[in-house]
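The letters A, B, C and D name the chains in turn, as written, and every chain counts its residues from 1.
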Amino acid sequence: MRRTILLTRDPISELWGMPDVAPSTAMGAIVNFHGVVRATEAGEPIVAIEYEAHEPMAVHQFGLLMNRVEQNWPQVESVSVVHRLGRVEAGEVSVWVVVVAPHRAEAFAACQFLIDEMKQTVPIWKRILR
Amino acid sequence: MRRTILLTRDPISELWGMPDVAPSTAMGAIVNFHGVVRATEAGEPIVAIEYEAHEPMAVHQFGLLMNRVEQNWPQVESVSVVHRLGRVEAGEVSVWVVVVAPHRAEAFAACQFLIDEMKQTVPIWKRILR
Amino acid sequence: MRVRVLFWSYFRDLAGGDEIMEVLSPGATIAQLLEQLHRRIPRLAALQKSTLIAVGMDYQDKDYVLKDGDEVSLFPPVQGG
Amino acid sequence: MRVRVLFWSYFRDLAGGDEIMEVLSPGATIAQLLEQLHRRIPRLAALQKSTLIAVGMDYQDKDYVLKDGDEVSLFPPVQGG
């Protein structure tokens, strides 16, 4: 399984859309998830979110999650994750996940798994800026 | 709920990535699904798929599915679907769905619902070209 | 009354054309239309169980009562995506 | 032996800094490290139940036996995405 793990302080909005996942001809499904900073949190307006990470551990933990994706859905060809760090304005993309697989069932399942588990194990924290 | 329904004979590979879904600032999740023509079908190599549709009925049936999305997940802000017709080469995108919602759970659910149901009710057929 | 029957996908090949005009008694149902049609095109009868039926742009059951000028579409299971 | 303790997110504010060096007896566990640390920083003790603990880049339990030079990270629940 091909992997991309990128923590970046640069806006990824220019990258919205397909990353260079270069699906092989056996692949039939590509799922992209973009998480966006909402302009409200718990009903209160916010300006931005400041993301902090334990960077080497975050990359390592994303790698462990990708091992689990590979075990659970061996047909998945590639998984890419891009996570913003630092200040992310409301309306900007904070996280972007792409999964390429032969069929949609495993592409959706693997993508949702990665996001759900990320929120349990990958050491990234946010601070709301109002 | 904003809707886009497009049946097109032009390649949509140039459009890969974000369509002009223009999420409002209350939206936190964007799910994109791209279905791609695989180079094999049932183990046999294929060159392309020729898609045929009952076009007005297909647009109408996509509209009915979008009504159901709106009923099931009223917070979904927009649903877009682009489906190729005519000859689609192996490796090209045949269908593209985008769902924008406040949170990822409904975005994933609505996107998967639309694709699953489309394959039951929208009058599009394929012919394998070897 | 007259209804127009449209064939889609490989039903077109089985029927030998895109469409056909059928003449029916007033109040005829889709079931009666199919019966009449299948006598003419037995190859479609064999696929009855997997045939989808629409009138205009909406799916209908076999007990649907046809009206003069209705446009009935007959086709195999759909395969979009 | 000495272990380096790193604080992340708002634990940094509670601890008053990014990191601290703790001196422990050989064979000490994370539980013993925390006990010693909490005497010094009681505000962290109150958050014990929701504290996540890693040594290096992997999560560890409180019965993990520390080695000289270990780098222990303490942080609140993660919130990526």
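Definition applied: contacts are C-beta pairs under 8 Å (C-beta built on N, C-alpha and C of every residue); 3 or more make two chains touch, one makes a residue touch a chain.
All figures in this text were calculated on a predicted structure; none of them were measured in a lab.
**Student:** Starting at subunit A, figure out the least number of steps needed to reach subunit C through touching chains.
**Tutor:** Steps on the shortest route: 2.
**Student:** Express in whole angstrom the distance between the two chain centres, defined as the mean CA positions of subunit A and subunit B.
**Tutor:** Whole-Å distance between the two chain centres: 22.
**Student:** CA centre of subunit A versus CA centre of subunit D: separation in Å?
**Tutor:** About 28 Å, centre to centre.
**Student:** How big is the gap, in whole Å, between where the Cα atoms of subunit B centre and where those of subunit D centre?
**Tutor:** From the centre of subunit B to the centre of subunit D is 48 Å.
**Student:** What residues in subunit B touch two or more of the other chains?
**Tutor:** Where subunit B meets two or more other chains at a single residue, that happens at 35, 115.
**Student:** Touching pairs of chains, which are they?
**Tutor:** A-B, A-D, B-C
**Student:** Using the touch definition up top, name the residues of subunit D that touch subunit A in the complex.
**Tutor:** Touching subunit A from subunit D are residues 6, 8-10, 52, 54, 56-59, 73, 75-76, 78-81.
**Student:** Contact residues on subunit B for subunit A in the complex?
**Tutor:** 16-18, 23, 25-40, 90-91, 102, 104, 107-108, 111-112, 115
**Student:** In the complex, go through subunit A and note every residue touching subunit D.
**Tutor:** 35, 51-54, 56-58, 60-61, 83, 94-95, 115, 118-127
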